[in-house]
Structures are given as C-alpha cells and as structure tokens.
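Since the structure comes first, as structure tokens, the remarks are kept for the end.
Chain nomenclature is as follows: A, B, C, D, E and F, assigned in order of appearance, with residue numbering initiated at 1 for each chain independently.
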Amino acid sequence: MLLENLSYPEVVQYLRDKDTILVPVGSVEQHSEYGIIGTDFIAAEAVAREAGMQLGILVAPTIHYGVSCHHMGFAGSASVSPVTFVHLITDICLSFAHHGFMRIIFVNGHGGNRNAIATAFQEVKMRGAAGQFALLSWYEGLQETALIEELFQGDDGSHATPSEISLTMLLRPEVFAGKKTAPGSLQKKEYCWPLTREEMRSVFPDGRMGSASWLASADKGEQIMALAVRTLVEKIEKLRAVALV
Amino acid sequence: MLLENLSYPEVVQYLRDKDTILVPVGSVEQHSEYGIIGTDFIAAEAVAREAGMQLGILVAPTIHYGVSCHHMGFAGSASVSPVTFVHLITDICLSFAHHGFMRIIFVNGHGGNRNAIATAFQEVKMRGAAGQFALLSWYEGLQETALIEELFQGDDGSHATPSEISLTMLLRPEVFAGKKTAPGSLQKKEYCWPLTREEMRSVFPDGRMGSASWLASADKGEQIMALAVRTLVEKIEKLRAVALV
Amino acid sequence: MLLENLSYPEVVQYLRDKDTILVPVGSVEQHSEYGIIGTDFIAAEAVAREAGMQLGILVAPTIHYGVSCHHMGFAGSASVSPVTFVHLITDICLSFAHHGFMRIIFVNGHGGNRNAIATAFQEVKMRGAAGQFALLSWYEGLQETALIEELFQGDDGSHATPSEISLTMLLRPEVFAGKKTAPGSLQKKEYCWPLTREEMRSVFPDGRMGSASWLASADKGEQIMALAVRTLVEKIEKLRAVALV
Amino acid sequence: MLLENLSYPEVVQYLRDKDTILVPVGSVEQHSEYGIIGTDFIAAEAVAREAGMQLGILVAPTIHYGVSCHHMGFAGSASVSPVTFVHLITDICLSFAHHGFMRIIFVNGHGGNRNAIATAFQEVKMRGAAGQFALLSWYEGLQETALIEELFQGDDGSHATPSEISLTMLLRPEVFAGKKTAPGSLQKKEYCWPLTREEMRSVFPDGRMGSASWLASADKGEQIMALAVRTLVEKIEKLRAVALV
Amino acid sequence: MLLENLSYPEVVQYLRDKDTILVPVGSVEQHSEYGIIGTDFIAAEAVAREAGMQLGILVAPTIHYGVSCHHMGFAGSASVSPVTFVHLITDICLSFAHHGFMRIIFVNGHGGNRNAIATAFQEVKMRGAAGQFALLSWYEGLQETALIEELFQGDDGSHATPSEISLTMLLRPEVFAGKKTAPGSLQKKEYCWPLTREEMRSVFPDGRMGSASWLASADKGEQIMALAVRTLVEKIEKLRAVALV
Amino acid sequence: MLLENLSYPEVVQYLRDKDTILVPVGSVEQHSEYGIIGTDFIAAEAVAREAGMQLGILVAPTIHYGVSCHHMGFAGSASVSPVTFVHLITDICLSFAHHGFMRIIFVNGHGGNRNAIATAFQEVKMRGAAGQFALLSWYEGLQETALIEELFQGDDGSHATPSEISLTMLLRPEVFAGKKTAPGSLQKKEYCWPLTREEMRSVFPDGRMGSASWLASADKGEQIMALAVRTLVEKIEKLRAVALV
C-alpha cells in the first residue's frame, strides 16, 4: 500500500472509503561510528510501512532530509533549516489535504524534526485545512518498556541508540561490515538542549548521546521492530477512533 | 529585578556575575466567558517575576502576543502566525545572547506557543549562538499534583482552566465583576489537535476545553501561585546547575 | 477598558457600538545612564491607557519589543528585525480587523518602529482589510510646544529625552534610585540616520542623542503626561471623525 | 554621469575621489485620466539626473516598479508587495555599499515607496553596512512653496498632481495627445490612509486625490523642474556635508 | 556507495580522495492511468545509483518531493511550492559543501524541479560556497536518440512518457498489475507552459502530455536504463574533468 | 506603445482587443572594460520596444536590476538576490494578470535572470493565475546564426559579447568615448557554472567570458538589431498563436 506505486485513479478509488495516509519522515545525519547516516529514515519508513500494511493504510514517500543542524559537525550529515522544514511540511500537508485525505499522520524517526512538524500543523490549521494532522515518533515510549530495559539495561540513551541501530541491522544487515563494534565509554552527561554543531561535537565527541550503541544486533532489532509496529498500530487506531469535526 | 527598570550600565553590572534572564511569554486570546483575554500572559508574567525575585534573576519584558490561530473564532483574540513567531523569538534570543546572557529561559503561559519557541531555539543554535535556551511552561506538571486534583477534582481541563483563572483572580480581582460564574456543562471530548478556528468553535462552542472554569477563585489562586512559583524555581535551579559547554 | 481584562462576550458587546482599539507599542532598549530600558513602552502604554479611559476606547496589550537594531551596542537592548516586525504588526492588524475593529490605532513610543508599522499597514491593505489603520506617536509634535521648550530649553534632543524620562519618573518613581543624575556633556551632532550599532555607539557613546536627560523629573513628567494625553485624545478624535469607506 | 554608461574600471576611478550615488525610484501606476502611468519614475529620474549632472554625482539605473497596491483597481498599475520591496531595496543598498559607495541617496517619486525604503535602510544597518542611506522625494516641501501655490492655488492635491503631470508634459510632450484635458470635479475629501484597492477606487473614482490635474502644462513643468532640481541639489549638498562615522 | 549506509568516519575517509556526491531528486505526482506516482524519483534514483556504482561515487538519499503544482488536479500528487523548494535545495547544497564535497551533482527525474534547483545554485553561490553545483536530468537528450525513436516512434511525449514508465516497469514489475494498458488517444497539443492545476487538467484530461504511455514495457525499460546510465556516466565524467577554481 | 505613456483608460481600451504585454528585463552589471554596466537592459529594452512597435503590442517599463551575484566582484554591479527576484517577478506577473493581460512575455537580456523568472512563473501558476507567462531572451539562438558567425568568427563568447556591446554602440554611441578598444587575450576556459563572485573574478579576471569584445561596432549592432528584432517578433507571433486554455 505505497502511494508511490499507485496510479492516480487508484488513489481516487482509495479515497472512496478511506481517509488516512502515513508519511514517514527521517533525517540524514551521523549516528556515531556504530550506526549509519540513514538510520532515522530507514527505521521510520520500515515501521510505517509495516503498520500501513497491517492496517490497509496508504504510506506516502518518505521525507528523507530533516532538521539536523546540531549534527553538522559530523561528516555526511545534511540539514534542512528549521523554518524551511516548517514550510516543507506545510506544503506536503496541504497537498494531501487538497485531495481529501482527512487523517495525515507523520511517522517520525528523528527528535529534531518534532518542533518544526508541530509548528507546520499550526500553519496548516491557520490556513483552514480541515482534518487530523498527527505526529507519531516510532521510538516514543519505547525506552520505558520492559523489552528495551531488558535489552539495553538503561543504556539506550538518546542518539545512536542501540534500539535504532538494531532496527537498521535487521533491515540492512549487509551494510554493517566494517562498522565499529567495540564498546566505547559511557558517561551520562547533563547538557542544555538544543546545541550548536560545535557544542554537540564538544559534548559528545563521537556522536553518541549516552547510548551503548555496541549492544545493537539484528536479533534485538527483530524484537524491537515487532514492538514498535504493534505500538504504532495501536496509536494509529486510537487516532482514527477520534471523530473528525 | 525587571530588565525594563534598569539602565544599560546596570545590565552590564548584572552580567558581571550572573548569566540568566527569564522571558515571560503569553497570548492574547479568549479564555471562555469565565476568564479574561490576558490570562496567559498575566499568569506567566506573575509567576516568572516572583521566581525571578526569589532567585535574584533578571526578568525581561513579557511577550504578550502568541500563536492563537485556533482561538480566532472568538472576539478579542489576536494571533501571531506560527512562522512569524519563530522569527520573533529567534530575534529576541539572539538579542540577549549578543549581550552575553548565557541562560535564556522562556516562562510560558500558552500551549500554542511551545512548538514555535522550540523551533526558534533550533534556528538560534543553527546560527551558532552559545549557551542555554530553555522553555518552561508554568502550568506544566501541575495537573498531576495533589493540590490541583484536590481543588478541581479532575476537571481542570486544557483551556480556560480553573487553575489559570484562579491565578488571574488573585492577581486582578477587580476585573472579574460581571464575568460569568454559573456552572456550565462538562463533557469530555476527544479531538484532534490542532484545530482550525472553525473547528475550535464547533468542538468547543464556549471556548472551554473540558475545564470547570467556574471552580476558580482568588483563594485557590493563592495556593496555585505558591505551588507554581516553587515548581518554577526548582526547574530554573536545575537548569542553572547544568554546566554550559 | 483594557482588552486583556475582558472576556470574549464582553468584546462582542463592545463591538456592537464601538469600532476602535488602541495598540500601544514600544521598545526594549537602552535610554542612556539616566533612563531605563522600558522607557518607550512604559510611556506609550500609560499615555494610551489614559487616552483610552477618557474616550471609552479599548486598549490592547502593549507590544513591548520593537525595532532597536541601532541600540544593540548597549547591554539590555533587544531588537526585532525590521522585516519580522512588519510581519508581526501585520498579523496583529489582521487579527483585530477579523473581529470587526474598523479603527486600529497604534500608539507608539519609539521612532525606530515607525517605518515597519507603516509598511505593515500597506501589507494589510494589500490583503484587502477594510477600515482605518493609524499610527500616532505620543511624543510627536511635543518638542514644538511651549511646555517642552520651557521645561528643557531646546535640549530635549532625540533619544533618552528628558521628556520621556520624566514620564517614567512619574510612572515608576521607585526605580530611579541609583540612576545617574549628574549632568553630562551636550554637543549637538550631525549624523546620518539610520546607524549601525557600532556607528551609534561611536557617535553617541553614552546612548543619549542630544538630550539633557538630567533635566528629567517626576513633576515635569506630570505636566508632560497631561499634555501628551490631551494631544493624543485630540488626534484620536480627529481620526474617528474621518468617515470609513 | 549615468552608472549604466560606465565600464567597471570607470566606476573604480569614480570611487577614488567620490563616494555618492543617486538611485531614482518611482512606480508604475495610474495617474488619472490626465496623467500617465510612468509619471513617478519619469519625474524622479529626470530630477535626479539633472541634480547628478550639476553635482558631478553618479546616477544609478531607475527602479521603475514600486509599492502601488492601492492603485491596483486601475488598469495598467503594477505593484511590488511591501515586504518584497523592502528586500529589493536592501539588496540594492548592500550591492552599492559593497563597492564602497558611502552615500547612497534614493531620489523618490512615489509616496507609497517611502515606508518600505526606510525599513530597508534599517535592515541594511542591522546587517552592519557603514555609511549614509538617505531618501529624498523630489516633491517634498514643494506644495508649501510660493511657486506651486501660485501655479495651482491650493489644488495640487496628493495624486495625479498638476505638478507631477506638468513635469511629464515637459519631459514627454509627445505622449499627451488624446489625454483628457477638460476640468473635472474637485471635492476635498477626508480619508484614512492607506487604502485597499477597492477603497481607493470607491473614494477616488477617477484616480485623482484632490488634484486639479487639468491645470498641468509643459510651461509650468519647466518652472517646477527648475525648482525641484534646485531643492534637491541643496538637500544633497546638506547630506554630503554630514560627516560619516 | 550509498551515503545512507555509511557511518560518519567512512564519509571522512571517502572525502580524503574523492570530492563528488550525486543527489537524486524526483517528484510525487500522477503519471496518468498507465504510470505510477513515484515514477520520477524511482527512475532518477535507479539511474543515479547505477552511475554512482560504476563510478565509485557516493549517492545521497533521494529528495522525493518536488515542484508539482500543475499536477495537483490529480489525486495523490504532492507538491512543494517553488520558493520552498529553492530554500530546501539551498540547505542541502550548503550541508554537503560544509563537509567538503566540491562537486555536488543533482540527478533529476522531473522537469518541474529544474528552475528552482538552478535558482538554488545561484543562492548557494551568492553565499560564497566554493565548488561545482550541477543539475543533470537523466532523460535529457534521450528523446533525440535512435533508441527512443525506434522504441516509441515519436510518441514519447513529455509526461507519463513510455520511457519513464518502462523504467519503472523494469524496476518495480510487481506494481503494474491492474494498471491501464489499453491505448488511449494521441493528439499533439500546443500549450503555454507552465499551467495551473485547472489548466493542466483541462488541456490534458488524463494526465498524459502527448505520450503513448501504453507502449511502455520492462524490456524496453532495460534498454533505456542502459542508455540512460551510460549517458549519465559520460556527463558526470565530463563535469568532473572541469577544473575547480 | 509604451505602457508608461498611457493613462489608465487607454489601458482599458487596449485590453478590449489585445491581451499581450512585453516586459523587458535586464541587469546592472559589469560588461568588461569594453562594454557598459547597463548593457543587458539597454539591449533588452531596445529589442523589445522595436518588436512591440512592429506588432502593435504594449511594452511595460523595464526591470533594470537582475540577478548578478557573480559579478559583484566588479565595481558598479548591483544584484538582486535570487529569491527576492522570484518574489519581484511574481508580484509583477500577478499585477498584469489582475488587469486581464493574458499573455505576459518577458524579454530578457541577462542569462542570470532566467532561472528565477521561470521559478516565478511556477509560483504564479501555483496561485492560480490564468494565461501565458513566457520568457524570451533576445540573444537566444543568435550565436548559431550565420550573421554572428560571420561577424565574430566563433568569438562571441558568453559575457561582454561583441554582439551585445555592438547593440549598445548602436543605441548609445556617445558613451563609448574613452572605453577600451584594444584587443585582449582570448583563452577558452572550461568552468563550472554558477560561480561565486570570487570564483568569477579568479576565472575571468577582466570580466569577459570568452568574448572578443573589441570586435564590437555600431555598424555590426545595426545588423544584429535587425536580426534580433526579426527573431523576437517571430517568437512572439508563435507564442500568440498558441490557444489559451
């Protein structure tokens, strides 16, 4: 059920009895020496597509690039500026709303995107677009689960987490040859968020933020995937149960 | 300790041994038939100033107008568009940062401002401004306290809350003559946030969002004020304990 | 008659037979060693509110922050960039116009705001908003009066004027303890307006622009207040006498 | 001394001992049935070029299009939106400042441009550009002169003035064949400025604003031209006498 | 050689002896009843990745959403506004340039993106970014080749071309079940480009623009793919042969 | 047939049976030591006006300033930033479209303007403006003609071309006294377009881009003018033959 694989009459057909679309959104940014630059969009896309399939809901093409200014001190990261991202998300929301989608749900894989997406929803509503615009991050609430606690014992951290790296190991096992696997140091740091790219590099020199990234594995990824999809499906069902105005 | 009452050499003096400034931010929007249009900035300003006094921290002039698009269906509301608000907050952050303030803490009274302020912080950091930019909403976490539960028994709601109206009754008792006091209906509604101004008016016809606004009183306001200030002071102290990069 | 103290049904009521709102606008900027950072908004707000009371006209919450780029070389000043200010004023104008206010009159306390406010009015009109959008600066024409000539004998100057400082001494007498009172030098300088913050600091090293700020007093403030309010009331009445299209 | 006729080494040469450039700016808008659409830029350009010649100062290419939203109800008018115009003027200011021009003087022919140009100067200064940015409207102060009083006896008005039409009759005599010449009605109207295009058309149905446009003639244009140039030259000399910071 | 599969130290390593990155860019828009909504990005991505592999050049994540305003009359299309797209591309260019990529080559699959991308390059250069920013559309020049002439005999057209549909049939054969295959009408139309979404729908009612879309097949896709990759590789090599300044 | 010389009722009259307007657009930028800063707009304006006269089509005032960022390393150049230029052209397009012009044809004299103008057309169409928006550069296709080959034998180049300089020599013979005429060096260079102003200065130190500018003459200008006008007239006729939607 990927929008990209439909012709427009098939979209018209879909809209006859359904009103929801999922929009995966990620980032292009460093995930330490252990993880890969596409981590956020790879994870968000996979979880969204699996949920979409289970629910018979259309999934839009993934928005790959997000707001990653603070990672720009690490090679390969590419960032959209926050205000441009607000405009981009606004345009995409208005596009789908124009065709009659009434529940437009972003499935997010990157914390740095949240504020701008939520700001875009307010812009969209200011311009009078009817319907539901929602933001669900696949990882939200996961750290509090027994599974993550058991798998990583409190060291999932906040960036280059073994959770998200496990997911990518599951989804793209072939690309991890040659990546670092040896454990690194683990100091919990307090810091003021957000950071400039210089501050980020200075506080978190290897790009991890309190994460024991080396604990990741494809096997764990399988367990996390199942949990993440189950959780997302539940959240989407809850959203769709809310009556539209 | 109000910035507005200082001359510039006094600010220079202040910056010799302190690095923090509080910036109250509110909104100009309807608060039902029970509450007043200035509720959000009156509350945020009062809590911020009291906290500032207790901590010996400077308080900047209040940003009165916020993002209130969804309230525009009710007379007297005035809204800054989300993107303009991002630019406004960015400019103010960069101004204080320019003078050497290293901890710029917004004390917020309106939920609709949160995304745009947080987006502005990311803009500010993208442009390389050092230091801590933080957003604290005075009401955050309050509903979970025993006090609010005891005072309003689960009916504080989300807009025109008896909490915030109580605060304004404490602070501006003289303006409540003639305002509505009789109880209204109380139906808990599910809804998709955010809303257009038409949707808002349709879902919440009198501007309350699940709030038993009539339970407000100046006496309760006094208790809430004390709790809110205490909570804010603690949060600010925690923020200031975080080392700068 | 402060908008902030009304509930929305009271605004509806007001709009049944009135169509005017006053919007005070100031700045957050240095006013030399003699005056205080809030001078512009304190003065504009006080004069606007007194005029509003005399005329039975609603007064909106004050816009505290204005365009003060050239004062950024002095600690404590905070500036909105000119283009952002145009957008901000546009949003506020459109908000009040949306509710049916047909005469939206800005009462200004800061010269640096004038161009951007007037530009915003043109934006608002370009977007088709009906009615009157007017800008009145409380100090305009004052220097030519006999009173100001008598009080300051040609040395009122253009920034940190004894006029405006007198007003703040009247309104906030308690904050002047410890401020500078000794006379400074008074050289009339020619300069090209506007200035960068570096140029401002270089041409006017202590932040005054030809003003004998030390001549300010609360007593003089009382006389100036009376004159300023009388003048503003007259100007507003003249504006309201102009028929709407 | 037109910039457009120089090669770049000649500009380098000019900048060795001079620092000033004049930038004519007009509008493309209706000037009633009596006058022509190019009136504002034709007049500004002619006055600026004559002044430039007398003073040995370079004149830049004319900015033809200005802010004319309120004239859009009359065919042939073309308007730049106020905010776009701020950006345009900012870009042009920064361009000339980049090459080392230290006195950039706009010679304006259209009232609707003034606010946006002045706002642009503040933007330019906020970005740190050194030097003098000035705005002179060729018609400013003219109505108060004995000449204009004598020529038009108080009926010069504010748009499609016989003054400006006289100038264009002098400069482009060949294009007035077939234009209206018969007197129209002359009612002085009070109005609230600015106006929407609908309001403009409704208040001033034939595009004149209190002007006895039919009094224009090429002979009067000659007298006005002489006065306008003399006045402009004086103002420019005064500006150039002000020391740069 | 996908950027998304690297860790940041691997990017650092790559940049030691290489300086080029390919950025595929497409659109999310209808491709008639015969083709699929993802056509443009699927084709651009595949061609870019194959070329990247042959040349040992890194390929960035695909920009899926492009400028498709004129297709908004057909369900499922999603468009970024032209100005937002300029800002988006500018941000991505500046990101890669920041890390030291000196040859940033966009591989484009959608004509509607060309102007905005080229405008973004000018913005990037205005801001001083060194290096080569180039735009190559994979289909450019293809219609003039013997292969396309032979395959489609002059009926490749301009939108929903059998060329691009053939490519997607090769790349995603499984999604074409149920799509239209029966020939439609083929009238060559003259039209003025660009079109509004209403004009587009009116001139090209089924979304094709002179294309015999039914002639597409996976077999032809294979031949076209080979030619497109060969052509792109040659163009990239030519670009890389140009010395940097 | 210049718009600037008409009164608005004459424009109304024109629109009764015609629907086309030509808008010349140029740039203010160096054209080497041989040519003049106004070259682009002088040429575009002259060709457009002659074509307009032959066709009985209205010609709008020329847009003098264009996108010339890369020439800012040479004194006297003035550039509008690409995004501002998109907004400017959009405003002008919407203005003429508002009055009922259905074929708005820009006659361009500067390559650097092309992308932004074409992007503006897409903005205009996104906003729903009906009709034809077209961009014709007077020099396009000229280099391939026998005339140019014969006159300059392959050395017309890409900037400060003897073609365009010849045109200005024809049109403004009096301004060439004292300009350089001696031949310079002629090396064909490969380069990556676009360039920063520093790169431009470094690759093309005297501002020419492969052009034998010294070959220009007023006589050749006459021949080129005739050819350029003939070509433009043909292109315009072809455009006007296309039916509107």
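Convention: a contact is a pair of C-beta atoms (placed from the backbone, for glycine too) under 8 Å apart; a residue touches a chain by one contact, two chains touch by 3 or more.
Fair warning: this is a prediction, and the values are worked out from it, not measured in the lab.
Novice: Computing the C-alpha centre of each chain, which chain sits at the greatest distance from chain A?
Specialist: D
Novice: For C-D, which listed pair, A-E, B-C or E-F, repeats its interface with over half of the contact pairs the same?
Specialist: E-F
Novice: In whole angstrom, what separates the CA-based centres of chain A and chain B?
Specialist: 30
Novice: Just curious, how far off is chain F from chain A if you go by their C-alpha centres, in Å?
Specialist: Each chain's C-alpha centroid was found; their separation is 47 Å.
Novice: Suppose each chain is reduced to the average of its Cα coordinates; what separation in Å results between chain B and chain F?
Specialist: Each chain's C-alpha centroid was found; their separation is 55 Å.
Novice: Can you list every residue of chain C that touches 2 or more other chains, as numbers and ranges?
Specialist: Only 79, 81, 87 qualify.
Novice: Starting from chain E and stepping next to chain F, give every chain of the ring in the order they occur.
Specialist: Listed round the ring from chain E, with chain F adjacent next, the chains are E, F, D, C, B, A.
Novice: Give every residue of chain F touching chain D within the complex, in rising order.
Specialist: 2-12, 15, 28, 30-38, 41-42, 60-65, 72, 74-81, 84, 87-88, 91-92, 95-96, 98-100, 172, 175, 178-180, 207
Novice: Would you tell me which residues of chain A are touching chain B in their complex?
Specialist: The touching residues are 67, 69-70, 79, 81-83, 86-87, 103, 112, 114-116, 118-123, 125-126, 128-134, 190-192, 194-196, 198-199, 202-203, 239, 241-245.
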